[in-house]
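This is the structure, below, for whatever I ask next.
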Amino acid sequence: MGSGKVRFNDPQIEMAHGAGGKASRRLIEGLLVPILFDGCSEPLGDAAHLQLDGIQLAITTDSFVVKPLSFPGGSIGELAVNGTVNDLAVSGARAEALAVTYVLEAGLPTAVLEAEAQAMARAAKRAGVGIVAGDTKVVEHGKADQMYVTTCGIGRLIAGVAVAPRSVRPGDKIILSGPIGEHGITILLARGELDLEAELWSDTRSVLPLVEALAQAAGPGIRWMRDPTRGGVATSLNELARDCGLGVHLDEESIPVRDTVRGACELLGLDPLHIANEGQFLAVVAPEFAEAGLEALRRTPGGHEARTLGEMREQPAATVIVNTRYGGSRVVDMLVGDPLPRIC
Amino acid sequence: MCLAIPGKIIELFPESHRTALVDVSGVRRRVDLGLLEEDKPVAGDWVLIHVGFALSKISEEDALDQMRILRLLGEDKAAMEEVKGYGLGEEPEGGKQKSETGRKRTT
Amino acid sequence: MRFVDEFRDPEVIGRTAEEIRRLADPGRHYRIMEVCGGHTHAIYRFGLKDVLPPNLELVHGPGCPVCVLPMGRIDDGLSMAENPEVIFAAFGDMMRVPGTKGSPLEYKARGMDVRIVYSPADALKLAENNPDRQVMFFAIGFETTAPSTALTLMRAKALGLRNFSVFCNHVTIIPAIRAILDSPDTRIDAFIGPGHVSTIIGCRPYEWIAKDEGKPIVISGFEPLDLLQSIVMLLHQLKQGEAKVENQYKRVVPWEGNRSALGAMAEVFALRPYFEWRGLGFISQSALRLRETFAQWDAEQRFSVPGVRVTDPKAAQCGEVLKGVLKPAQCKLFGGECTPEHPVGALMVSSEGSCAAHYNYEHRKNGVASGLG
């Protein structure tokens, strides 16, 4: 179980270290965690849970670096709010308050900043969370891609939910809230380099209502949750597999993917499992609670496309496998860096 | 090598006779038809797309044929004889095969 | 998706696999080579090995244009990127391939202008939109891709564009197959022929494989049913003791090839007398260069390049894996020193290289956790 001793030997930081895949994990677990997280031996979750004077709190932080700033379905502001609310939600907590930092590039049009601030205010209201503190810095032109946004959120634990990879058992079901790949492909297309057009938009939203619905119907059975952002479902499930040492088995036909996302992925040689999502979450639920949990999600607004993807098994250990209906299978690994279009 | 995907021609661009708007499952891109000079496709045709160029027209008839042959596999021996009779992959002689100039029929 | 989903029908796949198991002679061990990296990728992606009988072995051939590109050529291309005037444009496949001083993505992170393009036409557009910069397109690929580069160069010439050039690393498939068959350790019974290369060159160029070498070859599509049907056709030939070229991918591959495309290639490209293939060594008449009439758009003439040959460490057994003598996992470096994250040899640098494909899709099926690589 667990990953064993991870070492970070790279002489300098490369782009791959920020992509959420293998290189990122090496940086975080090999360099930063040992230094910063004193005596930490737990697998890393989406948020940290603390006890302060008997009150259980969750705290998390995330930074948002996206190009273009604005895209179909949202902008960096919404990502910043929803992203942190979602990290808290999948750790089993309800976001109560956010603090925001802006690092702004000199030369950024005020209208752009204003639009992002408005977007954040709207997203916070929709998510039922208050923005209570903030900071702003301005750096020279060229030192920040227009703007970087960081949010830090605190929240209260949702009663009856305790997620931990070590509680996952063979036979547990894997549930996904909705179709994958919409955010990552939207961003890829919005960059304009590939000259592709499609009716597609980011799925950015707060998943808290869905998590709460799942908690109500299946609380005691929820073993693990994660929001599959950068690196996609493949990365999140590989992290799970590695943290609990079991095999993750997915049925290829159960994986929900919109036609346009599928078309773009086929065209560019990408796997939807590796593409970022900003409005979905994965849950591993004990089999006796899984059906009720799935039903509850489907009845909740925004959850009608929730599916059971598969289940946990003993073998192969620490590995994610996709099984086809005709008896074929393939291992799905974490990528090293961001998925790149290919022509070969 | 060679990631190439089937796409449907939605629109030809008259000002640039060599490009067309092609749709792949709802994703659209301008595709260069310059490699299909000898067999110019029209709107509604399906083409094979690679690096933004159409390499070939897709023959719906051949595709249906192939599926028909495949579905017969595993059926009784009489059907197997019929399959052999289709002349899978023999050199062009006319009929279902391509003509010498590589012309394809599509619906 | 039309012309895709039908060929992924699970029920028909199941029955075709059964047919393969029925046809395969249990007393015989079949070694079938699929030449094309795209086929290698498809086989792994669709888990096709799982439905084949154990006595039918698929051997992965050299048809991965990224894999066979020597590191020295990557260094040459990247040396052009070091020029601040230059916009280095290449397909996504090239972006993580390491040169001596790093990969294109790493050069980009260090501040050089490196861009991913989906099409050579997009690289041309970059040149049109950035008249004060020099756009250098790093061209790779077999005959599938070369015609598109050719058309793009013809267009650049027609436009009189002075700020566009191509670094040509196009290679041809037949010499590679010949090199495999010429090697004394090769034991291949039959070939699955490259489907998309054949849309350009047609089926005739493979006739010597059947006639002179006595090996059956079936030109195959890329969907699961295409590959499985091709194997059925090969097994039929092997059973009858036949050896001929068959076209399974008829819906797309014309027997005579694409004359327009071949014409464009002939107008723009000439054959290099020889070219080095990583893992296979020097092969004569196996790669393309720009003709004199297109010298103005030839990056190798516009820029001076180091032209230094970089050899792989002796321990890397890419050559043997390419010829099917060794399986990826049998190379001593596989999974240890050589992984997709830090590739040592040719077959790990691209996701369709047989070692990378095996590493990504297969080797942990037995539950051996690879950790963080």
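Every chain is named by a letter (A, B and C) in the order it is written, and numbering of its residues begins at 1.
The rule we apply is simple: contacts are C-beta pairs under 8 Å (C-beta built on N, C-alpha and C of every residue); 3 or more make two chains touch, one makes a residue touch a chain.
From a predicted model like this one, the values you see are computed outputs, not experimental measurements.
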{"item": "Chain pair showing more contacts of the two, A-B and B-C", "value": "B-C"}
{"item": "Most centrally placed chain, judged by C-alpha centres", "value": "C"}
{"item": "Whole-Å gap separating chain A and chain C, where each centre is the average of the chain's CA atoms", "value": "34"}
{"item": "Averaged-CA centre spacing for the pair chain B and chain A, given as whole angstrom", "value": "40"}
{"item": "Whole-Å separation of chain centres (CA-atom averages), chain B against chain C", "value": "22"}
{"item": "Shared-contact residues (touching 2 or more other chains) in chain A", "value": "194-196, 259, 262-263, 266, 269, 342-344"}
{"item": "Multi-partner residues of chain C (at least 2 other chains)", "value": "1, 4, 37-38, 64-65, 91, 118-119, 122, 141, 145, 352"}
{"item": "Per-residue multi-chain contacts in chain B, two or more chains", "value": "1-3, 5, 24-25, 50-52"}
{"item": "Chain A contact footprint on chain C (complex, rising order)", "value": "1, 4, 10-11, 13-14, 17, 37-38, 44-51, 64-66, 91-93, 95-96, 105-106, 108-109, 115-119, 122, 140-141, 145, 224, 340-341, 350-352, 360-369, 371-373"}
{"item": "Touching residues (chain side chain C, partner chain B) in the complex", "value": "1-4, 6-7, 12, 15-16, 18-19, 36-38, 63-65, 91, 118-122, 141-142, 144-145, 147-148, 151, 194-197, 199-200, 218, 222, 225, 229, 232-233, 245-248, 250-261, 264, 352"}
{"item": "In the complex, chain B residues that touch chain C", "value": "1-6, 8, 24-25, 32, 34-38, 46, 48, 50-53, 55-56, 58-60, 62-63, 65-67, 69-71, 73-74, 88-92, 97-98, 100-102, 104"}
{"item": "Chain A residues within the chain B interface of the complex", "value": "194-200, 259-260, 262-264, 266-267, 269, 342-344"}
{"item": "Touching residues (chain side chain A, partner chain C) in the complex", "value": "3-4, 6, 14-16, 22-23, 25-26, 29, 193-196, 242, 245, 247, 253, 259, 262-263, 266, 268-269, 315-319, 321-331, 333, 336-337, 340-344"}
